[in-house]
Each structure stands twice: as C-alpha cells, then as structure tokens.
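A, B, C and D label the chains in the order they appear, each numbered from 1.
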Amino acid sequence: MSGNTLGTLFCVTNFGESHGPAIGCVIDGCPPGMALAEADIQADLDRRRPGTSRHVTQRNEPDAVEILSGVYEGRTTGTPIALLIRNQDQRSKDYGDILRTFRPGHADYAYWHKYGLRDPRGGGRSSARLTAPTVAAGAVAKKWLAEKYGTRFRACMTQLGELPIPFEGWEHVPNNPFFAPVADVQRYEDYMDQLRKAHDSCGARLRVQATGVPAGLGEPLYDRLDADIAHAMMGLNAVKGVEIGAGFASVAQRGTTHGDALTPQGFAGNNAGGVLGGISTGQDIEVAIAIKPTSSILSPRPSIDIDGQPVEVVTKGRHDPCVGIRAAPIAEALLALVLMDHALRQRAQCGDVVKAVPPIPASI
Amino acid sequence: MSGNTLGTLFCVTNFGESHGPAIGCVIDGCPPGMALAEADIQADLDRRRPGTSRHVTQRNEPDAVEILSGVYEGRTTGTPIALLIRNQDQRSKDYGDILRTFRPGHADYAYWHKYGLRDPRGGGRSSARLTAPTVAAGAVAKKWLAEKYGTRFRACMTQLGELPIPFEGWEHVPNNPFFAPVADVQRYEDYMDQLRKAHDSCGARLRVQATGVPAGLGEPLYDRLDADIAHAMMGLNAVKGVEIGAGFASVAQRGTTHGDALTPQGFAGNNAGGVLGGISTGQDIEVAIAIKPTSSILSPRPSIDIDGQPVEVVTKGRHDPCVGIRAAPIAEALLALVLMDHALRQRAQCGDVVKAVPPIPASI
Amino acid sequence: MSGNTLGTLFCVTNFGESHGPAIGCVIDGCPPGMALAEADIQADLDRRRPGTSRHVTQRNEPDAVEILSGVYEGRTTGTPIALLIRNQDQRSKDYGDILRTFRPGHADYAYWHKYGLRDPRGGGRSSARLTAPTVAAGAVAKKWLAEKYGTRFRACMTQLGELPIPFEGWEHVPNNPFFAPVADVQRYEDYMDQLRKAHDSCGARLRVQATGVPAGLGEPLYDRLDADIAHAMMGLNAVKGVEIGAGFASVAQRGTTHGDALTPQGFAGNNAGGVLGGISTGQDIEVAIAIKPTSSILSPRPSIDIDGQPVEVVTKGRHDPCVGIRAAPIAEALLALVLMDHALRQRAQCGDVVKAVPPIPASI
Amino acid sequence: MSGNTLGTLFCVTNFGESHGPAIGCVIDGCPPGMALAEADIQADLDRRRPGTSRHVTQRNEPDAVEILSGVYEGRTTGTPIALLIRNQDQRSKDYGDILRTFRPGHADYAYWHKYGLRDPRGGGRSSARLTAPTVAAGAVAKKWLAEKYGTRFRACMTQLGELPIPFEGWEHVPNNPFFAPVADVQRYEDYMDQLRKAHDSCGARLRVQATGVPAGLGEPLYDRLDADIAHAMMGLNAVKGVEIGAGFASVAQRGTTHGDALTPQGFAGNNAGGVLGGISTGQDIEVAIAIKPTSSILSPRPSIDIDGQPVEVVTKGRHDPCVGIRAAPIAEALLALVLMDHALRQRAQCGDVVKAVPPIPASI
C-alpha cells in the first residue's frame, strides 16, 4: 500500500497540492446507512480554515467540500466517499523565488532528493493545506463513532512557544483563536504579535482527547492502538513528539504510582492514557503532541541551492507563524480516524456484540 | 492486514506466547542473495537475552534461533525467512494466581476485554518476550542496510528512573548492563538494588540513532518516515512517548533556531532528527523513547477481579524491574525494520539508481 | 485494505456511481518524472466510450478526464494522481421502476443484501461505467511500461455469442466496432441487430495480450502474476472465466506437449501464456476472458421484489446488449495495471538492475 | 504486503521449501474462542498427503502439524496461530542434476530470472508441497465458517486428461484416489497406469463448491468475491483457468437464459455460481479450475542450461503424474480461506447482525 492512504479498513486516500486545481480524499470502508451531508463535514473544515484570525496565514480559502460519491438520498451507501475541495486563492507567483533553493527545516530539500523534482507552488504536496482532506475524513469518522459509541473528540493548546497554557476548562477552547483552554488569551495575542514583528515563528504543544471509547480497540503485537495513534500524529506536519498518557513523565515514575489502580467504580487514574498493552481500556484516550516552529519565515537564513552553493533564504508569501494554532481540529480528526479504523478491525475479528465483562465504569 | 505484521514490503509477522511451545517470526520480502546465517541473528538476540545481570528477569532462556526457510547454501533466496525460537524455561505455575485478577497498568485487563479470554501464562502474548522475534528480524534488516548503504544502528539509556545519564560516549554502551553511555555505572547499580529491595520498578529514557541513512526514505502524506518510526517505537511494550530530533524541546524553539542551516559541507545541526517533511535528509536519524515502569511488581496494589470485585494484587514470578534496561537492542531493531521497509518502498517507486543530487555531505 | 483499491504499490482507488456527480480514481505510487498529460489518458477513454456505434449503449458521455493532482509542468511528481470524470448524461428517471425489484443476473440483489440499501440510479456503483477510471489509470501504467520496458498491450474479441471469430490479424481490431481481428464484420453486425430486435443480450470471449514483458514479475507463493491477472480480470463486470495460456485446453494436454520447449533462440511455444510458477518468463502474456450476457434486457423475466413477492421485470433504459464489445480497452488496462504493480514490486525486492542471465530472446 | 500472505483480515503467511527443515504458516486474524486442536487440521492434511495411492508421488511424508501458538486450553485466543510441519523424507540427491538446467514448463526458469538464484532441492519454494500449509490454514477457516454459518466445502475431479468424468454423486468422492464423483474408477486407474508407463503426465479439471454461504460477501469494486476466488485458485500450482458458475459457457448464452430467475422460493438456477456483482447471493458458490500436466516427467525434453546452451532434460525423482489428483482438498481450502476473509471484511464494514431481508431461501 502506498503512503497516501491512512487506515486499513476505514481507508482515507489523500490527494492534491497546495496550489493545484483541487485537494481531496477518498474514504473507502465507511459503514452504510449513516446520515451524511456536506454540512456535517464543513463544520470541522471551518475550524481549521485559514484566514480566521491575524495569527494564521491570510490565505483566503472557503474550503467548501463537495461529496462526489458514496451518499444516496442523504445516507452513506458503503461505497467510496470522494470529497473534493477546489483550491481558489493560489497566488503561485509568491513562491517562484524558492524553486532553486532549500529552506532550512523545510520539506523541500527532502522532496527534491526523494523524487528528483518537486512542485514548488506553496510547498506543493508538503503544505499543511493537505490536512484539510484529513479533517474532512475525520468528520465522517467522528460522526459514526459518536452515533455508535458516544465517542467524542477535543483538543486544546497547552503551550505556545515558551509559554505554558494552564488548563482552566474545555469550555474556553472554542472562544479564542488559539484553541486555548483559558478565559483570557491576551498574553498569547501579545506573544504572537511580537513574534510576527520579529519575523520569526514558534512551536506549540497540544493535548488531544477522546472520551466514550469502547474497550478492546487495538491490534497487538504491532498495530497497537497507541502505535497507530503515534503514527497518525507524528505524520502530521511539523510534529516532532507524541505522548500517550503520562508520556515522558512516566520515566521518572515508580511502578507503585504509575499503574492506574482499578476499583469497582472504575480506574483511579489515567497514567495509561487509555491504552494498556496496545488496547483501549475504556479510559479516556489522552495524547500530547509537540509541534515545531514553522520553517517558512521572513528572517534570512543560511542555506544552499540545488547546485550546493551557499545562499541566504528569506521566505515571503503567506505562512502560519505557528502551525500549532490551527492544529487542534486536525489532531482530533487524526485521533478519530485511528479509532474508527480500529473499531472496524475489532468487530471484524471479535464481532459486534458486547462481550460479557464485569460492569466497570470506564473512569470515575 | 492484521496487526501482527510490521512493514509493507519487508514484512515481519510475529507469533508466539511467553510460555507456549515457541516464538518466532516470518520475514517476507528480504532481497535475495545476501549471506545470512544464524550467527548473524544470534548476536543481537544475545544482547536482549534475559538473565545476563541481576537487574533483569532471572528467567533462563538461551533464545537460540533456528532458520527454517528462505536461505539456501548460506544466501537468502528472496522467499520467506522463518525464524524459530523454542521456549525453554517456562515455569507457568508462577502465574496461576493472576488468572482471575487484573494487574494495575498491565495488559491483562485490556486483553480480557478485547478477546473475551486470555493466555495468562507469563503474560501470554503481551509479554516483552515477544520482542525477541522483532530483534531477530531486525538483525536481518541491519545486515542488508549495512551492506547496501553503510547504515549503522545504536541505542543507549539516557535516563534511569529519576536519574538522567550524561552522554560520555558510545564506546561505553557495550561495557555495562544498562546500555549506558558512561564509564562508571555504580550509581545506577545502587539505584536498581534499592528499587528491587523496595519491591518497586522504574522507567527509562533511551536514545536511538541510525547513521549512514540515504536521503529520500519516507512516503508522505501519511506513511512518513517519522510516522512509521513513531508507530514502531510506540508499539514497543511500555513505551509512552516518542520524539524525533529536538522532540518536545522544539515547542519552545523559534523558527530562526530550529531549522537546521544547510551549508555546502552539510547540515549545521540536527534538530530535525534526520527527517524533514516525513522524508530522510541524510542526517542521522535521532529518536528518543520513554519507557514506563514495569507493572508486574511485588508491592501490593488495589485492583479488581474479573467479576469486578475489589482485590489486592501482588505479582510474584520473575520480572524486569526496569524493562528499559534490555530495550536498547529492541529499539535498534525497530528502527532498522522501519528503514529497511522504506528503503524497499523508495526503490519501488523511484528506482535504485542514485539520483543526480548536489554533492552535499549528509552532516558535518 | 478496502476493496476499491487495485494494486499494492501502484494503487488505484476508484470512486463514483453511474449517475452521481462524478467518477474517478486516485493513483498512488506512480514513479516521478514521467511526462503525462490528459491527452495520454483520453485516447484510451475514447476507445471505451459509450455511444460510438449502434451496438452499444446510446448514453452520451464525453468522458473528459481532468488531472487534479500529481503532475507539475507536464511531469508526474511521485505524489497521488487524482483523475476526475464528471457525469453528464444521467437521465436517472429511466431507472425509477427498478428500485423495489431485482433483475435476474444483476448485482442489485447482492448489493441490497450486503449494504441494506443501494443507489439504483443506473446501477449505481455496480455499473460498467465505473470501468472508465480503471481505463484511465491503465493508460498511465501503459505509458510507464512502454517507456521503461517497451511493453505493449492489445485485446480483441474472439467470440461473439455463439459465433467464434477467427484471428486474421491485430491490424483489423481498430477498424471495427467489435474490436474483432477480422477484415469483414458484417456477420457480427447482423447478429447484433437480430439480438437487439429480440430484446436479448449475448456474451463474448476476449483475448488479451502483453508483449515486451520483462522476466521475473510475480510474487509467489500467493501473489503470483497469473493470480493477480485472474483477480483483475474476474473483477471486471460480467466476467465469469479467465484463462492463462492454454487455459482449459491444458487439461487434455500431456506433459510432453504442454511444457514449452526452451531453445537457445527462445521459447518454442507459449502454452504457459507467459507465466511459470507465477512469475513472468519474458514470453508474451496471453489471457482469455469469458463475458456473460448483459442482465439488463427488455425481455420480461420472472423475479421478486424486496418483500420477496413474485414480479415480472423488464429493464428499460440504455444498456449494452453485449458488454464484451467495449471490454477490450478495459481488459488491456487491467493487464497493464497488474504488470505495473508487479514491476514495482519486483524492483522493490530485487532491484532495478538487469541481472546477468543467459541471452535468450523471450520468444521466437 | 508481500506475496506470501493470503487474505487481508484472515491472513495466512506461508513459509518453507520442499526440502528445507520445515514448512508452515502463520494465521493472523482468527476470531478468539473457537475450539481448535491439531486433529481438526490433520484430517485435511491427510487428504492431501502424498504416498496414499500409486497414482501420486511416493514421497513418504506424515505431514504432522504442530500448533505453536494462538491456542490456549483448546481455544483460539485471537492471537497468531503458527502451524509447523517438519519435512522428513527429503532425498535431495534426486534433484542434483537439474541445478544447471531448466525443465520445460517448470517454475525453475522463472525463479532463476527473478531472484538470480534458486533452491533446486525438490523445486524449493515452487513445489506443490507448499500447498500443505494452505490446506492446514483452510481447515481452521472451514471450522469457523461451519460453526458460524453452516458453510461446507467439497471438491471433485470432473475431467482427467482427455477423459471427462460424469457426475454421479458427491458420496463417491471420498471412496477413490481421484476424488472422482463416480462409483467405478477402473477406467481412470487404467489411464493413469498407461500414462506412467509412457513417462508422461496429464492435466485435470476440478469442481469446487461451497454451500451455506451467507449473502453479502465481497468487496467491489476490485476485491469482488469472484475476483478473490480467481486469485486464490489461479495462484495454485499448475492452474491455468478458473470459472465461476457457467464460466466460459456463458459466452454463448443469451441474457434471457443466463440470468438466474428469482422466485419466492429462491433462485431457479445457478449460472451465477453464487456471485452477482462480485457479492455472494446465498446460492452455492460453484468454481471450476483447469490444472495443466506436470512438467517434471521422465520423457526427455529439449531445453537449455543457465548458459543458454541446448540440453536434453529428463526429470527423475518422485513426482505426481497428475497434480490434479491431490488438488481437491487444496481447492476447498483456498475457497474456504477466501470466504473466511470476506466474512470478516463484511462484518467489519456492515456489522454482524443479520439484516432485515426478504425471507428467500438461497436456492431451491
């Protein structure tokens, strides 16, 4: 299987380039009979859309999705769902000067060496714009999981550059452009304004969560649920680290404290992040990701051209100074796609009936 | 594809349980014509083997590997290579008391809920013993990559519980039972002795590195090289976090410092960890993993039984107080398997010939 | 992996329904650097197009293909190639009367039982119209194989209903609407005219051939080249039989006559059809397929409705009285897709260099 | 996915060579909780075993299977089931003379050109001996399908060389060494005796059937049930043709007769062979396969050696003069493996509950 398909049973095949005619995806394996309309998908696309605040790229894209197939009279038919998003605001002239040079920290160097040629327009295939089809497919997965199991997804920013963001509550997340779980984001607004003036960029840390997850999802030995979550998250542009549950903090924990005690009322903690032995436990899935600073910045950087000669690179055009700002809906979508795939894999092997298990609430 | 196969072209299918008759794997897709003998594989198995110091499980297993197929007159034939390791020291009576209870932090709860039954003998399928076939397969991948590209793999422990381990040099790693890159490990010996007396366990942090990596490996959009590395590493027992290059530290970096400058002599740094846009750059691959403390400990823990009734669980038997101690060869093997698979994927699509690229040394 | 993707390395994911907004496919895994334009694809689409003679469906579809991605400045980039064909002549009212009944011999019964619902417009997903994206993808594979190995594909009709068609020469095939290898097709014109008047349909037998095939393609034990050819061909609408080389005639052959003798000048025959042990030999690939008569006919047939009650079914609308007439370009495309996939698989495992083999011409 | 794995969810990975230490397979994806013992598998292996009559190879192999994993206390655990068969009667000296020459019609030429080297002992990987693990895996699939749906499999020979075998009844099949559905097989015994004296070999035609097949199995557009059946059957050694239902006879049928009429009591015929639109209908699955004559014969044949020089080849050693004689249990196993895989795929996407469909008996 080639690399542009995510999932083994709920398969999302992504296509398109940042400044080509269109981007989109084909979802193969969606169960039949689910009500689905473009509006179900558009909501998440709008959360990811560029141009919604001064802290993200000013590229103006409505990202309107068209369902080309797989839905008849408002219901999924079980056949492939093709989703199409036409590109509109392309301005490819902005990128002409980078065709012969490599940006430090950017994918263009690697693409050039892999394929021997590359589409330089807006980063071509390596653009974060290609996360839009992922978000669209994730919306379909979210809907099915919500209807079937009551599973819900949410994500928030927990650090912006050097600034940790305290967790005040999920209710704040939709109310600010940072997906930050705090009431007052002035500090982060100021930080971003300074960064922009400095012609620089910064990283971010995000928390991603799924609740209402059925126990039993995950396919050890290798396709563990946490392994596939890590695959999906590390595959998101600019991500350099992934944690499940206690993550790197578990290194310094002792066995007597790390293992979440079980009680008749449920688990007494969630250091596991919802996964033991690569299989979901029914606890919430808890994931953290590290996003590196954007490589496309206005500050000059030393680099080389395709002939190996030294050059100084400045990236003009419209770029996100912190790609982490728009990453929350993408990370939710990726987590949903992984859980969806594993839900189908689980019922393939073990059937759809609920097994007779002890009546343990998933968490207390 | 079911979950016990790692890789898409260099496919490793793992089988066996900790206390069943045998464990092993089938490698499908190995290029023909490579010299291969059991001794090539045994060396890495011996590095992972239990019972080699007082800090690991005292289970006595020679882990002798038998090549059942795929090799004729000392050379791989291109057909499946089946590797068999018979289990010998099984003592399944040690585990009889855990059949009806769940260990906090252990996979047995999740296996029970997934499959409706489980093999309790030594953790069954969830035992870390099942990493032995992974190590064996990794030895085959290492050999091919070394001969073809000069790629080399190594790993070391960088933190043991609360104790960070300074990096003094790779040459120390084979000389101590911790795979620690330091000359004097007395401090870590003492730490482990105290931990064992306290009937507790601890976590560890490891660094994994590949050098001599060809540029161009990785299959975006989804099967990026870093994504598949994260999948493999997070799929290793007890791993709760994975970083590539600067990892979580990249959150607080600026774009002006994170992006590794390119010079005519090579890259001026390695925050990327050898991967940009999901594709190898020719820099060293640098990975870090977080390993949680072992869940099987002698200290009593509150839990429940399969009827949901409260119980106190104490895990007797032979267990590693820190599974991170033996993890270095396993992590190397996983990294080798991922690179091997992507080397084959790369030449499938882009061919085997070296592309005309600027003469940049990979790193300076 | 879900069922709408053909191939493992050269992956074609097909989407769309007969009367939905559009049909198309995504090709993932095409090697970079190949010149490709819509005209390269349109030529084969035009050979398959409906409405080109009175013997095929009169649906009027230009089947104009749009390349949405994967091509930059006229060359493939190695990223997914999305191909879109908008549906135009849809007349879905023609099909309203079949929503509650099942046509004998038609897929609608099976779709209903599989998915619990179906798109009745023009057969929905089961329509032969969905072979158009396959033909489009096949054109890309043909181009690459022709440039790389000089491989060529052709197909012709060898039987129309009860009428065997003698083989006079490949040069006649493009000159008549039946893809028949004969100079004079009047007999077949008359046959089809009578069939149409009788409100009936008929089957056909086709021969499909590839020349210039490199030796060594095929992945035994299970993914043999002939196995994958059979998979592709039997997966074509209405196909009920597949033969390689001597096919069913080999049952009555003796070993002394069946096995193609090898001479210093090449093979002395081709009972093998170009495949031995599941691997190409360099002989021409020779395939035959049996196509059943169309199930959508104007003659009344006994059937049942979705409540299991007896009904009489007459299928109005526009249908091919012999789907075999337009099948030649589709069968060529399928053979090309299988060879393309195996060419990439071969060089993944065994490399791209020509092995030192005895200088045997593939056929004499 | 490499080529030695059959299936996407019920995955059988085959390993071993004819004269290596062992052959076997790993089954990944078997549902948990099914009773399984070696005796369940041995029965089918014994039906395929060599040396049971004078008409098959006299190699003496008990083909005793050992279950290495995946079963605990007599029940499948849902983890990989590894099956091992040690080779015993190897006599590799018989094959020494063929190392530098190619047998007309044999896989050795193709293996040599693919891999650049080959294991000549008993045909190595290309030996029909490698069907034993397939049969073993098929026995597991048969058991699950029988318990779950009441599905049953059987196969018989319908032609031996030039001799068609009339169908008198399934009850005769186990009572003669030919799997022939006739009471008196003297004619076939004589035929084989003459063939053996003539140092020649012959082909065979087999019929393979599954009854009690649930409707809805098959994954169009490409992984249709009939496509996957054709893949499995054409992948069997020596098979050159595959038919579903009416097969090649459907070419000369009319639409008014081919399409199986539906009645409230069920289907009125089975030209479909149990598959419409690539999906099972609940009718019996009916398959026919053509098996070519064995290439390893005592009669001298013109050929070449690895330097391209002309030679005369005579194959000594022990070979089946008609591999079709032992093919019935293998063909059954392949059909079972395909149905098993599709049963799991069907419940992954569409769930395990029986859909509300009209109460039509599958066949009358």
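The rule is short, and it goes like this: a residue touches a chain if its C-beta (ideal position, glycine included) is under 8 Å from a C-beta of that chain, and two chains touch if they have at least 3 such contacts.
Predicted model only: the values in this text are computed from it and were never measured.
Peer 1: From subunit B, how many touching-chain steps at minimum until you land on subunit D?
Peer 2: 1
Peer 1: Taking each chain's centre as the mean of its C-alpha atoms, which one ends up farthest from the centre of subunit B?
Peer 2: Ranked by distance of C-alpha centres from subunit B, the top chain is C.
Peer 1: Could you give the separation in Å between the centres of subunit A and subunit C, each centre being the mean of its C-alpha atoms?
Peer 2: 38
Peer 1: Measure off the straight-line distance from the CA centroid of subunit A to the CA centroid of subunit D, and report it in whole Å.
Peer 2: Measuring from centre to centre gives 45 Å for this pair.
Peer 1: Please report how many Å separate the Cα centroid of subunit A from that of subunit B, as a whole number.
Peer 2: It comes to 26 Å between the two C-alpha centres.
Peer 1: Among the residues of subunit C, which ones contact at least 2 other chains?
Peer 2: Counting only residues that touch two or more other chains, subunit C contributes 1-5, 8-9, 14, 29, 32, 78, 114-116, 125, 345, 349-350.
Peer 1: Name, in rising order, each residue of subunit C that touches subunit A in their complex.
Peer 2: Where subunit C meets subunit A, its residues are 1-5, 8-11, 13-17, 20-24, 26, 28-29, 32-33, 66, 68-70, 72, 75, 77-82, 84, 114-119, 121, 124-125.
Peer 1: For subunit D, which residues are in contact with subunit C within the complex?
Peer 2: Residues 1-6, 8, 14, 102-116, 125-126, 130, 159, 161-162, 195, 200-205, 215-224, 226-235, 237, 239-256, 258-264, 268, 271-273, 275-282, 290-295, 297, 299, 301-310, 321, 345-346, 349-350, 355-360.
Peer 1: Taking the complex as given, what residues does subunit A use to touch subunit D?
Peer 2: 1, 8-9, 29-32, 78, 344-345, 347-353
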